[in-house]
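Here's a structure for you.
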Amino acid sequence: MAQAIQIGKIATLLAMLDDEESRMFEAAFSQVSFCQGKVGSMNTQKVISAVETAVKRHQLIEEDVYRETHALYHAILEALEGVTRGRLAIGEMMRTVGLRFAVVRGKPYKEANEGEWIAVAFYGTIGAPVKGLEHEAIGLGINHI
Amino acid sequence: MAQAIQIGKIATLLAMLDDEESRMFEAAFSQVSFCQGKVGSMNTQKVISAVETAVKRHQLIEEDVYRETHALYHAILEALEGVTRGRLAIGEMMRTVGLRFAVVRGKPYKEANEGEWIAVAFYGTIGAPVKGLEHEAIGLGINHI
Amino acid sequence: MAQAIQIGKIATLLAMLDDEESRMFEAAFSQVSFCQGKVGSMNTQKVISAVETAVKRHQLIEEDVYRETHALYHAILEALEGVTRGRLAIGEMMRTVGLRFAVVRGKPYKEANEGEWIAVAFYGTIGAPVKGLEHEAIGLGINHI
Amino acid sequence: MAQAIQIGKIATLLAMLDDEESRMFEAAFSQVSFCQGKVGSMNTQKVISAVETAVKRHQLIEEDVYRETHALYHAILEALEGVTRGRLAIGEMMRTVGLRFAVVRGKPYKEANEGEWIAVAFYGTIGAPVKGLEHEAIGLGINHI
Amino acid sequence: MAQAIQIGKIATLLAMLDDEESRMFEAAFSQVSFCQGKVGSMNTQKVISAVETAVKRHQLIEEDVYRETHALYHAILEALEGVTRGRLAIGEMMRTVGLRFAVVRGKPYKEANEGEWIAVAFYGTIGAPVKGLEHEAIGLGINHI
Amino acid sequence: MAQAIQIGKIATLLAMLDDEESRMFEAAFSQVSFCQGKVGSMNTQKVISAVETAVKRHQLIEEDVYRETHALYHAILEALEGVTRGRLAIGEMMRTVGLRFAVVRGKPYKEANEGEWIAVAFYGTIGAPVKGLEHEAIGLGINHI
């Protein structure tokens, strides 16, 4: 059950690299469906919504099928755990995030019956609500879809 | 207080990329001190120890200075939060990890008085203690040192 | 110290069963004091308040005795942990609940000096703030009073 | 997207009711696939394994398909959150559980493309490792499969 | 419902002060029942047991009454949350504690019907399993009994 | 690496003792820099801000140096974990705090290269948003600076 396609690595690179750096990984990126976006907020809801909206606009999931919404939602939350590191809150704890994100949908496993999975990656900064008083953060969530 | 050097991104790339892919980022890597390693375990203690041992062997921190040990320890834990996503336990929860890690020490900020910071990144797989029943995971912790 | 009366099971059944289904358990229900209610919200405060208000209206606890308020509050929080499964937040995480609840006060143990205990149970749905994009959830909290 | 079959309620009743009480719900139980079991332990791993083993023995999931194993694992953990209420540990925290469990696989939604979901329910006691020093606990986890 | 006796402050001082410092607070200490002890361990179970054993030896609670055991257990866990700050684990996370503790039983409120409450306080050090690589930690848990 | 100055104990005493009680510890207090304050709120942000504002007004940290802000922020959060015991939220969970706090900056270790550390202590009450329905709480966070 070896991983044929590393959807988590692809999502992380899509969220983290600039255009020039990304070029080297275009072959990998072409193996999957994906979308990218940005969000800056103290509000966890807005971060979740930004990802959900981007995913729906790019039709990466079927919007009115709950099992796809459910898979995405849990992948987003898991990615946010990495960003917030143990306390899933942003503004409530007097901090703010500036994040780029990428969502990848693909078939990571060689076996056909493993089907499709989704990866959500965040990369950016977290810190005080004062410009510059911040450091980098990353998060990755993966789920079957 | 703009970030001059993205130690988190560097650590993540060092943990995630293969040798060939890494070549493109050598200029960035040369701006910092770093070490790399691997650990596979169901035991959280062993994962923490593997990183601490690698860091000390490469003299990235001063072993008998507690403030450096303290900074590293919290960065490791924060990185593990990303890997375990909300429940900081591995074997206790019947899962196992196979991780590559990188630790970066450098000066991310232009201002001299921001001094040195440390970044710990993990990349690999987490899953059932059965080969192949696993998916990717990532984690990044950053602290002032 | 065997359990004479299963106040947790009774609370769960009271929150989960419809009127017809409940009939079979009337003998059990008659052994305890209880109240029931409903709440739909994205707001954790409102869920807590709904239970506290119902309990006071039915005089299940003495409103101005802090030890009873304290016992109830912790039982409510523990029940909410089951509903939210590891992240005690609702709207902050862009989800909503529609819950029925029951609070039971009784003497679960045969020994007289074990005295009274309180059980709080929730049953309903949790999901996206879109009708139908939700699944079932349950929670039970128990405390001495 | 109304729920046609309440797999969470069914799983909870299967874990909680005795044989006589169960009879009333046989019509509901016949709409789904399920298995039941028991586990008493201070060890979280053993609780997880007991459920996984029962599920595989009854062929409720395809053992060597990771996406099914993954769906089940997360449903078990979510159910354990309800049992442990905020601190996913048992023996490490000097407590023990005696639990009955049920796993249900079925189609909770009317829409065909919502497909199959899995529900894991625990009911029993949690407390000090001394007989009788314990109270009831419940947990329910639900996932798409 | 003003607090007549600050059992939490008393417990903290009993755990934190040396004999000479304690003398000044003897009048306060004489208003309550209490016991004191010490424990050094990487094992959360041993820390919990050390407190429970001391409490029973001093007959601060009735050993075979579960409601008293239950009240004490939750107060211990809450105090440990302060010591471990967000991740209730010690050795699993490669750290060790050296703690003094005090348990106080008394009537903090003027109103007779508020009855007795219990306070558990820890004070000491937490850190790497290497002498000196540690800093101070404190924790306080309070419950009605 | 023995502790020369117990900054955590000093911070706790500064937050907990009244003026008369404090007199006995003046020799200890004179070994460190510190500030004190009060905050009553249901809002976690306001509690964090109150401490940050007091610290800056007393110039205990350099306001525009992120590494000092970062050290303080994490010490505040860790102290709040003790106050909130496992669920870092106040008003969201329908409770309120009335806290005194103290922040201490000093050199706890004899070794010169251990440098300065910061301790944040809270002491006060937490409870229902009704006067008197509350009990004591304490929290201590320590970080290298």
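Should a chain be cited, it is by its letter among A, B, C, D, E and F, assigned in written order, with residues numbered from 1 in that chain.
Criterion: a residue touches a chain if its C-beta (ideal position, glycine included) is under 8 Å from a C-beta of that chain, and two chains touch if they have at least 3 such contacts.
Chain-to-protein mapping (UniProt): A, B, C, D, E, F = Hut operon positive regulatory protein.
A quick note: this is a predicted structure, and the numbers were derived from the prediction, not measured.
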item	value
Smallest count of steps, each to a touching chain, taking subunit A to subunit F	1
Labels of chains that are neighbours to subunit A and to subunit E	B, C, D, F
Label of the chain whose CA centroid is most distant from the centroid of subunit E	A
Same-site or different-site touching of subunit B by its copy subunit E, using the half cut	different
Gap in Å, rounded to a whole number, between the CA centres of subunit F and subunit C	36
Length of the line joining the C-alpha centres of subunit E and subunit F, rounded to whole Å	20
Multi-partner residues of subunit D (each touching 2 or more other chains)	1, 66, 70, 77, 86-89, 92, 109, 117, 132-133, 135
Interfacial residue positions of subunit D with respect to subunit E in the complex	87, 89, 91-95, 127-128, 132-135
Parts of subunit C lying in touch with subunit E, wherever the complex brings them together	1, 62, 64-67, 70-71, 74, 109, 111, 113-115, 117, 143-144
Sites on subunit D touched by subunit B in the complex	44-45, 48-49, 52, 66, 69-70, 73, 77, 88-89, 92
Contact set on subunit B toward subunit C in their complex	86-87
Touching residues on subunit A, where the partner in the complex is subunit B	1-3, 6-9, 12-13, 16, 21, 24-25, 77-78, 81-83, 85-86, 88, 108-109, 117, 119, 121, 123, 125, 131-133, 135-142
